[in-house]
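In the two complexes that follow, chain A is the common piece, with chain B as its partner first and chain C second.
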Partner chain A sequence: MTSEPAILTHGLTKSYGHDDAVRGLDLSIGRNRITAFLGRNGAGKSTTIKMLLGLIRPTSGSGTVLGKQITDAEQNRRMRQRVAYVAEDKSLYGYMTVEQTINFARSFYSDWHVDAEKKLLLDSELPANRKVKSLSKGMRTKLALLLAFARRPELLILDEPSEGLDPVGIEDLLRTLVSCSADGVSVFFSSHQIAEVERVADHICILDKGCLLMDASVDQLRQSYRRIDMVFPSPPPEREFQISGVKRIRTAGNQVRIFSSGNAEAVVERARNLRVVSVEVAPVGLRDVFLETVREN
Partner chain B sequence: MLWYKAWLETRSRFLTSLATLTIFSSIFVHHALYIACLNTFPCPEEVRHSGWRSEFHFLLFVNQQYVVLMWILAVVLLGMGGLLREKALGTSSLTLTLPVSRARLMRVRVAMGIFQAIVLGVVPWLAVLIISFRAGMPISVAQVGFYILLLVGGGLIYFAMAVLVSSLVSGEYTAPALTFGAVLLGAMLFDNWLRRFNVWRLVTGDFSIDRNTFLLSKQVPWPGLLGSLCVAALMLLASVIAVQRKEF
Partner chain C sequence: MFFKLDATAGQPLYLQLMQQIRHATETGALKDGDQLPGIRTLAEKLVVSPNTIAKAYSELEHEGLLELRHGSGAFVCVKRRIRSMADSVHAARRRIRDLIERLRDDGLIDEEIRRAFEAELLFPVEIASKR
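Now for the complex of A and B:
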């Protein structure tokens, strides 16, 4: 097994006129893990994914996916043989039936598992003879996911995979992602559903305004990020808490709330020196980490 | 399976065009036989008037004019679609993430279009050949072959033009409107200033027809056909390059 990252980019930039959709992105996505790609609408997630798959050309910078240069058309084509991708809009050929779509996709990949296809088709209750254009959005999403999961690719790239799915579908999707990862498939997916991300992801990348703000493991986030609520006898000076690791300080009268990415012990120590009345240190969920990170930016 | 996709995408346009062209040619030749044979059909030898043959061949020449018009309409519509249209519909991300090069996607689409264009040229004239043979007034296979050669060999430039425009413009109505505009404008301009290079006249047989017998009796206009094919090939090459450079 190779130790080379599944996705590696250096200074990847995409500009449209004077606007940078992605700015100097340095990304390293390890193999055999589930990496979530988070960001607000228009943060540059889909643009990044499109650059990785050769749909659009970077303005500058370089990148590799499974060791293949993304800007080299032939290398990119060979890479796509080993990558399964589900696009954000889940668009499929409306004039094909479900069965024709599956047969069409199957013909391009040697890693297609007919047994997995049959099981997924049965589980998803997709009508094999119905035209894709007459399927509901949820059904189309299920079909798009079936085309990706019926294979055993080295890398799964999913753009908003749970969009349009009902809770049962989302649950099945998350279970399949974990199972794929356990089978050695690297998963890279973008999502706005932070609760889902928190359940399955091993690693988080946060993109905002085209810049990578965070690239950390979920365990690392859980261990280092803290919310510290303190009450003082009188309003304390904020500058006392402006130390390394402190991301945000909110003061309301005698109460202070600090959001830190580390160094929580030092904050508590300083608070004690300022005769704090009460201190409460709590772990922070991914949702708060995300919100604080993008707000700070 | 790319062939299958290309077929599914174009089959309704193709089959509608094929049916229209074949039915039109069949009805037209049936009427031509009826007129040439003094309004008697089927037509025994003794009722035919002396000039029926040139009259009949003139009507076949007229048939070619209508066939060319409808054939161009059909091949322009067959040339529409492709990756730019898929981008507008949102399916280009699925097509372009298949492990297939953009050049191959284009090659398959163009090859399917050329095959369909040939069938659209051959089948209506085959219908004409069969109907006239059954009526006892057979026309020579060489004449039919000549008409088909002119139509397909010279006319593929219209298909190539449609592919090129649809590789540059994505609008559902804009691309065909632009192509038809270019076809019309080209025919008018060439007819006024460069009549010798007017593809329309080449394709309809205007340069090859004998005005007395109304048979295509002159030599096959190879320079015109080859020139037209070369321009068509250049247009298709430009389409491939345009699609390879395009961002989706």
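Now for the complex of A and C:
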């Protein structure tokens, strides 16, 4: 049961006319970890999330969330009881106060934790009697998150949760994600902000133009991606460095810069054979991995 | 104790955490029997995935440096041999100082020496020993 992925899709596709918003997506998101779903604006992240939740129907392909078929209405209903979702627009009723909104939401869910709700409300410093329509964007986001976090779902899906939050708000949000994860909740959230992802995520998936470009553990990325800057006595043949793991080779006169997803030792070994004058191997931050991967596409 | 994890470094966060705990026991900042924060507490404080803390703690338990007691957290167990680690570090610094002096005499500038050190350090242990 627990070895079954939280999210699993096969060839998931959504087309609008001739445009594919999502193309043949094969996702496998493990449980008990924090997964970041990265991509530029318009990469297809929201469309994917909406398909997972059964809010829009895939053009082709299939998928399961917590083992339930996403296109089956009855299975979808049962899945939604165990999944909390925070939408990008965080739609709330403007005429209700914060307190009324919380009471309203509480009445729907059997997995609602009153203790968690009280703590979250206190930490969030939301004014209980203020009407939702007069809340700032940051406060609305906090309220939408509170409604999701006050439940203890098996899976938490958030679409661009940090949008519109200030740095303190983002830090609070990430801390809450961490605390949910410590409770055993699987977390899947989309973002286009690398900086907020790189600390909390165990795993990242990069989506670009509707295609999955990367699906890797963050530890793995940190350990294997390297940028190698080398200087040679004369311009070296580029093909010497076309080996497995090397993603990109750039040359400028006697200088060579290599971006590799592994195998840096082999690159340096070859450079030595070519009488390299200077070698500098540097780790590559997630930001550059993202930029290079998307650029390559 | 204080931790500083660098998310932009090319080293997994759990390894950074392990090194800092190990270093703290070598310098005496952490002593035998000291208690470390629980996984949830430390994860929330550092704002990192609980899996990062769990992995670091369990690897250190494997090394015998931590003892994990269910429900009550992680405790440091420093054996005698750790004391001699501090001496080794001391000796190593002396050797590195001598080496750097010699490289400077050979006309290398500090920036070049630093690059060479960092390039060598990036090799995993097994490859370095083969050479």
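Brief remarks on what is shown
Rule of thumb we're sticking to: the second predicted complex is superposed on the first by the 296 of 297 C-alpha atoms of A that agree within 3 Å, B and C clash if a C-alpha of one lies under 4 Å from a C-alpha of the other, contacts with A are read in each partner's own complex, and residues count from 1 in each chain.
As a working rule, a contact is a pair of C-beta atoms (placed from the backbone, for glycine too) under 8 Å apart; a residue touches a chain by one contact, two chains touch by 3 or more.
All of these numbers come straight from a predicted model, not from anything done at the bench.
Once chain A is used to superpose the two complexes, chain B occupies space next to chain C without a clash. Considering which of chain B and chain C touches more of chain A, the answer is C. By the touch criterion defined above, A:134 lies against neither chain B nor chain C after alignment on the C-alpha atoms of chain A. Legend: residue contacts after superposition of the two complexes on their common chain; A:55 is shown touching chain B, with no touch to chain C. Seen from the C-alpha centre of chain A, the directions to the centres of chain B and chain C diverge by 150°, a value given as a multiple of 10 for the model superposed on chain A.
After overlaying the two complexes on the shared chain, residue contacts for A:283 are found with chain C alone; chain B is out of touch.
When the two structures are aligned on the shared chain, A:171 is found in touch with chain C, with no touch to chain B.
Touch criterion met: A:108 reaches chain B, while chain C stays clear of it. Applying the stated contact rule after C-alpha superposition, one finds that A:80 touches chain B and leaves chain C untouched.
Between chain B and chain C, the shortest distance over C-alpha atoms in the superposed arrangement works out to 26 Å. Common to the chain B and chain C interfaces on chain A is no residue.
For chain A in complex with chain C, the residues that touch the partner chain are 32-34, 171, 174-175, 178-179, 181-182, 195, 198-202, 218-219, 222-223, 225-226, 264-265, 268, 278-287. Partner chain A is touched in their complex by these residues of chain B: 1, 4-5, 8-9, 89-94, 96-102, 244, 247-248. For chain A in complex with chain B, the touching residues are 50, 53-57, 73-74, 77-78, 80-81, 83, 85, 87, 89, 91-96, 100, 103-104, 107-109. Taken together, the chain C residues at the contact with chain A in this complex read 5, 7-14, 39-40, 43-44, 46-52, 112, 115, 118-119, 122-124, 127.
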